[in-house]
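Pasting the structures here.
Next come two complexes, and both contain chain A; in the first it sits with chain B, in the second with chain C.
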Partner chain A sequence: MLLPKFEYHEPKTVQEACRIVGELGEKAKVLSGGTDLLVNMKKKLIQPEHVVSLSKIEDLKGIFRENGQVKIGACATAGEIAGSEVIKDTLADVAEAASVLGSPLIRNLATIAGNMTSARPAADLPPSLMAYGAKAKLVKASGERSVDLNDFFTGVGKTVMTPDEILTEIAVEIPQEPYGDHYIKLGVRQALEISLVNVAALILLDGPEGPIKEARIVLGSVAPTPIRALSAETVLAGQVPSDVLFERAGEAAANDSKPIDDFRGSAEYRRDMVGVLTKRALKTALDRATSR
Partner chain B sequence: MDTYSVIPIRFTLNGDKVSIEAGAHETALTVIRERLSLKGTKEGCGMGECGACTILVDGKSVNACLMAAPQLEGRTVMTVEGLGREGKLHPLQEAFLEHHGVQCGFCTPGLLMSAQSLILETPRPTHKQVVEAISGNLCRCTGYQQIVDAIQYGADKTGGEE
Partner chain C sequence: MGKYDVINTRARRLDAPDKATGRAKYVDDICLPGMLFGAMLQSPLPHAEILNIDTSAAKKLPGVKSVVTAEDAGMVKYGVSPARYDETVFCKDKVHYIGDEVAAVAAIDLDTALEAVSLIKVDYEELPAVFTVDEAVAEGAPLIHEDFPRNICGEVHNEFGDVEKAFKECDLIRTDTFKNKRQDAGFLEPNGCIADFDPLGRLTLYSSTQVPHYVQRIVAMVLGLPIGKVRVIKPCIGGGFGPKAGTTPMELIACLLSMKTGKPVKMNYTREQVFLFGRARHQFVHTMTTGVKKDGTLMALKNKCYLEGGAYTSFGIATVYYAGSLLTGPYKLRNMKYDGYRIYTNKPTCGAQRGHGSVISRAAWEQQLDCVAEDLGMDPLEFRLKNVMETGDTTINDLYTSSLGMKECLEAVKTGSTWKEKRGKLPKGKGIGLAGGFFVSGAGYPIYRSDTPHSTVTIKLSDDGGNARVYTASAEIGQGSDTTFAMIAAETLGIPLSDVAVSSGDTDFGVDLGAYSSRQTLMTGHATKRAAENVKAQVLAVLSEQLDIPAEEMDIKKGLIEFRNGNPDFEGLRTRYLKEHRGWTDHPGGDDLTFREAARVAFLEKGPIVGSGAYKPGDLGGKYKGAAVGTSPAYSCSAAVVEVGVDMETGKVTVDNMTDAHDCGFAINRTSVEAQLQGSLSMGLGETLFEEVKFDNKGGILNADFGEYKIPTALDMAPVDTIIVESDEPNGPYGAKEVGEGAILPTIPAILNAVYDAIGVRIWELPLTPERVYMAIKKKKEEQKD
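Let's look at the complex of A and B:
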């Protein structure tokens, strides 16, 4: 299957990449892993005149921990994230999400930057990163900004990024409190699946045996962007964890979701599953928080 | 084509250095299959769904249909043609024959490359690890059981050697 023709750019530095996208604007698309971009180009959904590849920029690779933060380079692949000891130690559910993205073949190509900038409602990596309040570093020729992923997605395939910006890094603050997380993806198949519902839960405890200080629940595939289940979070804040509490949080999360009917599943089923999966995700998150 | 630049690409393919000029709109798959005439790497869906085009890039299995040709620059690539030698099949290939892992054969090269990628990292994979490793490769004939058996048997025979 053929790609439409385009001019190819392969900058070696972020600075050079910013200059190129700054000059070309809407005419250029950024290629990181290519597993969404090239498919969309083959389907002729987009036909950019220019493609700017990030693969030769060494600064965008790697995953490391420094000063209480985990930093994930834009070109880190899903496979690298799933296998990273740093991620598994600190952000277990991000590794879980990366390990169920696409297929092994896709995971060896697909990057974290692509999974963010494609902004698909069912994307695997955003929910758990949003639960942690991860920040995207957006760089352009004249400066840079850091955007909380909770403010990053604006619609299906849409983000706050402007055409002259490049996403260079995702940074996550490691919580100070005892914490635990879990990510659950529900599909009808085990691989190459686009979720019916996905749920990420993060629990922060007030001391090792303490009540829940704060909980964050993020739902995917049930709205145009991944969304926080804010009323479920309110149900949990300050409370002593229990099955009954998690049941109530699940009900609240189901009410927070705004799913649609499509060929993958009905809105009613999706809403019910938000409740079930939220409860399950919270249970595992609590187990992880208390055993940390 | 005229107004679009042609890009020189150098990479290692099955142990040999390759130097070729390609248009950026070509994929790794078209370079390997059409330009270099290695027909083992198949085009199935062209969208990353079927795995018929699986190759190893720096030891990792990827969909060749989803790589722009210039992304091959400087990489080490292995296709199914690099797996055995003339007159001597790789243990994985022998295992596919012995365990009836091949019917029509269209998916076989891709499955072999996914299997090879797995045993490079995990020389003695469990049943579950095999199933996961080939989850990006579709086979419409066998029902997979024979393929999973073949990969486990082939991994044992390979015994961690490459």
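Let's look at the complex of A and C:
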């Protein structure tokens, strides 16, 4: 399969990139990694006249911890995120999610910005970032805004972004200790998988021995976008953690999910698995919270 | 060390350095001067009449050199088996599946060729289509090929013994139905080719094929060329596993375009086109009834099978035979009835894949045998041992086993897996399972009726005497056959492996039926051995004249001449060699006469030292209709024990370990034999747990890529404890028989039986995806509640 013809742009600064996408609007697609974009272009599902690569913009690279936040540059690859000590120390399940994305070859190319903006329902990175309330920084020529990832995805392949915007950074507020998290992805094989279901759980405890102050559960691949299991979170809030409680939270999460039948799996199986994975993710998240 | 110097060792593969360093040349690496690029237009509809094809816009596109349709290609029918030639290069009046070829273009580059294809306008009138066996055989269903009522492409009805009578003597009879899913063979290199029709009227086709010989014949027949003007060359190839064992429409189209333009034409399948070409494992639905006596004596099997075959026959007639005929071993089966039907559908064509036709019947039956053993209260391994065949036994359908180490295979995996300590003693969610297998070591007859040798080999010594080169048309497809033949040649000649080179995969090098039905080690191995014996005899004959010593009193070992009665005075020969090689620093020395000196003298006396050998099996098999399918000069057998873990909450199965024993007669290259056993797990594991070609309701493939069609990754593989059983096959070269395909037969049922052991539920449908396993567990839990 061959790529269709297009004009290629390689801006060196965010400003220049914003100017280009601002001028071209719908005619341009932003390339950051390309593990989705180029495949879809080869399949002729999309044929943009212009492709704007972010790969030469130095400001979009790197992962930093500053002022109680973790900042992940748009061009950080899944491989870099999976190996980042900063992320492993603070947002363990984000590193976990990055480490099970695709294969080593894909992880060396795929970026966090690409994984967000392609907005696939089964994407690996959004659930754990949503659990942490991560914010996407969207920049355009005339200004910038910050959008909570929980409000970012609007449908399959759709986000709140406008064609003149570029996602430059994901910022995560590091929660107050003690907290713990876990991400689980279920596919049929051990690697190179598109999740049948994935679940991210985050537990914030009220003191080391304390009850659950707040829990956040995000489900992937069971709705057009990753979704919060809000009734499961309600089940957990203020409660003393236990296996029975997690089982109940799992059932609530299963009810929160809205899976469909498709060729990868049935809705019934996915719903049941939301329950199992939620329970398991919560158990590990609790273990991590109490061992911090 | 045994009696051999080269064979039965662990030789490094001849192709390994090139493949590891990127030096190896595959078809797509080849670039010829003036080469054009071809692209095909394929049907977007599963079943439709072609009303009109308008190529005028495509022809006008700058850079387009030729646009061809059925008008240009003609309507010569071809296929795999001459009895069922049902394909043409292009469709003329109607298309039979999504992917059927309608037209093609050659242009100066691929972009232009693809653009031109998009400019070809075809008017279709859609016809009703059938996608399943049930739809296809239904009363009044549309016919895909007019001459085949109810879309039955082929059927087989055999009975050996008297099944109904035997059932009356049985204490236990059970019936089960099992089904698998269509496979893709998952080879990494999509089919590709370059056709080069030269100004002297000779056609050379470079192609990623398993069978240069058959491709040569089909190309010549379809395009109306003398066979001698067609040469097929197989460069390095990235896997085959069966689907590359026939001729592709693309090969014929590239040849046609090259003949039209007088330029070389390169074509490649995309991954999606590999799926559309298909020719991998069929979907089988087997209903089997097995009867036994209380003491475990296996009495009778009734086997009914439907194969969903797709739009054309390909290997399908052989497939439907194999699905019955190979169950008669390796256990003594006294009565067997088989009714098999291969059905046409408006889907891509199925064909042969590793273990051709016999893999799913084997999986079904080995799982049923475990059920029977359980019903009898017998250990499944002891049950199999009770019925095991031995060397010299003939099956009820006249297959003679000149060697059969099945008992040894079973005993080996029993010990190797610590079966007794584990069976029945593992915790819930952990399981251990066993199965056996039986396979041909090369189909006994060519695909077309002929007395041709199955393989010819020529060995030529370099004129300096230092090296031997083996010329063979056999197909190294990654299985290691070149290395095997180099080892056989080196052993037979009595020289080191490093002094043997192999040129293979070229129809100019001889006749070889190719890499299918696990034939090459036995067939080409024999021809290589005979050619090497011939060369050795020529060298020794000259020495005999020169030294006046009878040839019978000399031998060649490790590159040196051995004289039975001690070394004679050979100074004259050595001086003659040294005189010719002033300035060289590697003169032969030492107390013994070297092969190099002897072979050089032979060249000086006789000219080029060239020897050839040929092999063809003798008359094989019974006299009944279809008796030829399943015949072979030798039969391999195997046993595997697999251990699995099952996540009881998600249904996800993990294979933890496999102990695998295979009787290959005699291992020429021990490493290659073991690699086949390991490969059988990776391929069998994928087929058991993940793989399924999925379709929408219009005959379109939903997962024609390796993102969605899931073959195992390295992380899915488990350790394999490989055990080589050597039964010394009298019909094999040095006692060798096959391992390539037979090794996969026990893999799938061993996993099935292990999963049952882990979860307590039998699953009769592949693949065992987490969902299918979970649903089976859930259903059982719900039944227990009621």
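By our rule, the second predicted complex is superposed on the first by the 291 of 292 C-alpha atoms of A that agree within 3 Å, B and C clash if a C-alpha of one lies under 4 Å from a C-alpha of the other, contacts with A are read in each partner's own complex, and residues count from 1 in each chain.
In this text, a residue touches a chain if its C-beta (ideal position, glycine included) is under 8 Å from a C-beta of that chain, and two chains touch if they have at least 3 such contacts.
None of the values given here were measured: they were computed from a predicted structure.
Enquirer: Give one of first, second, both or neither to describe whether A:10 is in contact with chain B, with chain C, with both, or with none.
Expert: First partner only, chain B.
Enquirer: Can A:103 be said to touch chain B (first), chain C (second), both, or neither?
Expert: both
Enquirer: In the superposed arrangement, does A:156 touch chain B (first), chain C (second), both or neither?
Expert: neither
Enquirer: After lining up the shared chain so the two structures overlap, which partner does A:1 touch, if you call chain B first and chain C second: first, second, both or neither?
Expert: So A:1 meets both chain B and chain C here.
Enquirer: Once chain A of both complexes is superposed, is A:35 in touch with chain B (first), chain C (second), both, or neither?
Expert: A:35 sits against chain B, while chain C stays out of touch.
Enquirer: Which of the two partners, first being chain B and second being chain C, lies in contact with A:55: first, second, both, or neither?
Expert: first
Enquirer: In the superposed model, which partner reaches more residues of chain A, chain B or chain C?
Expert: Of chain B and chain C, the partner in contact with more residues of chain A is B.
Enquirer: Does the superposition put A:196 against chain B (first), chain C (second), both, or neither?
Expert: A:196: touches chain C, not chain B.
Enquirer: Which chain A residues contact chain B in one complex and chain C in the other?
Expert: Correct list for chain A: 1-2, 103, 190-192.
Enquirer: Please name which positions on chain C make contact with chain A in the complex.
Expert: 110-111, 114, 270, 649-650, 652, 689-690, 694, 702-703, 706-708, 710, 712-716, 769-771, 774-775, 778
Enquirer: Quick one: in the complex, what on chain A touches chain B?
Expert: Residues of chain A touching chain B: 1-8, 10, 31, 34-35, 38-39, 42-43, 51, 53, 55, 79, 102-106, 108-109, 190-192.
Enquirer: Can you list the residues on chain B that touch chain A in the complex?
Expert: Within the complex, chain B contacts chain A at residues 1, 4-5, 7, 23-27, 30, 43, 46-49, 51, 54, 57, 60-63, 65-68, 70-71, 114, 117, 132-133, 135-137.
Enquirer: Chain C touches which residues of chain A in the complex?
Expert: So the residues of chain A touching chain C come out as 1-2, 103, 186, 188-194, 196, 263-266, 269, 272-273, 276-277.
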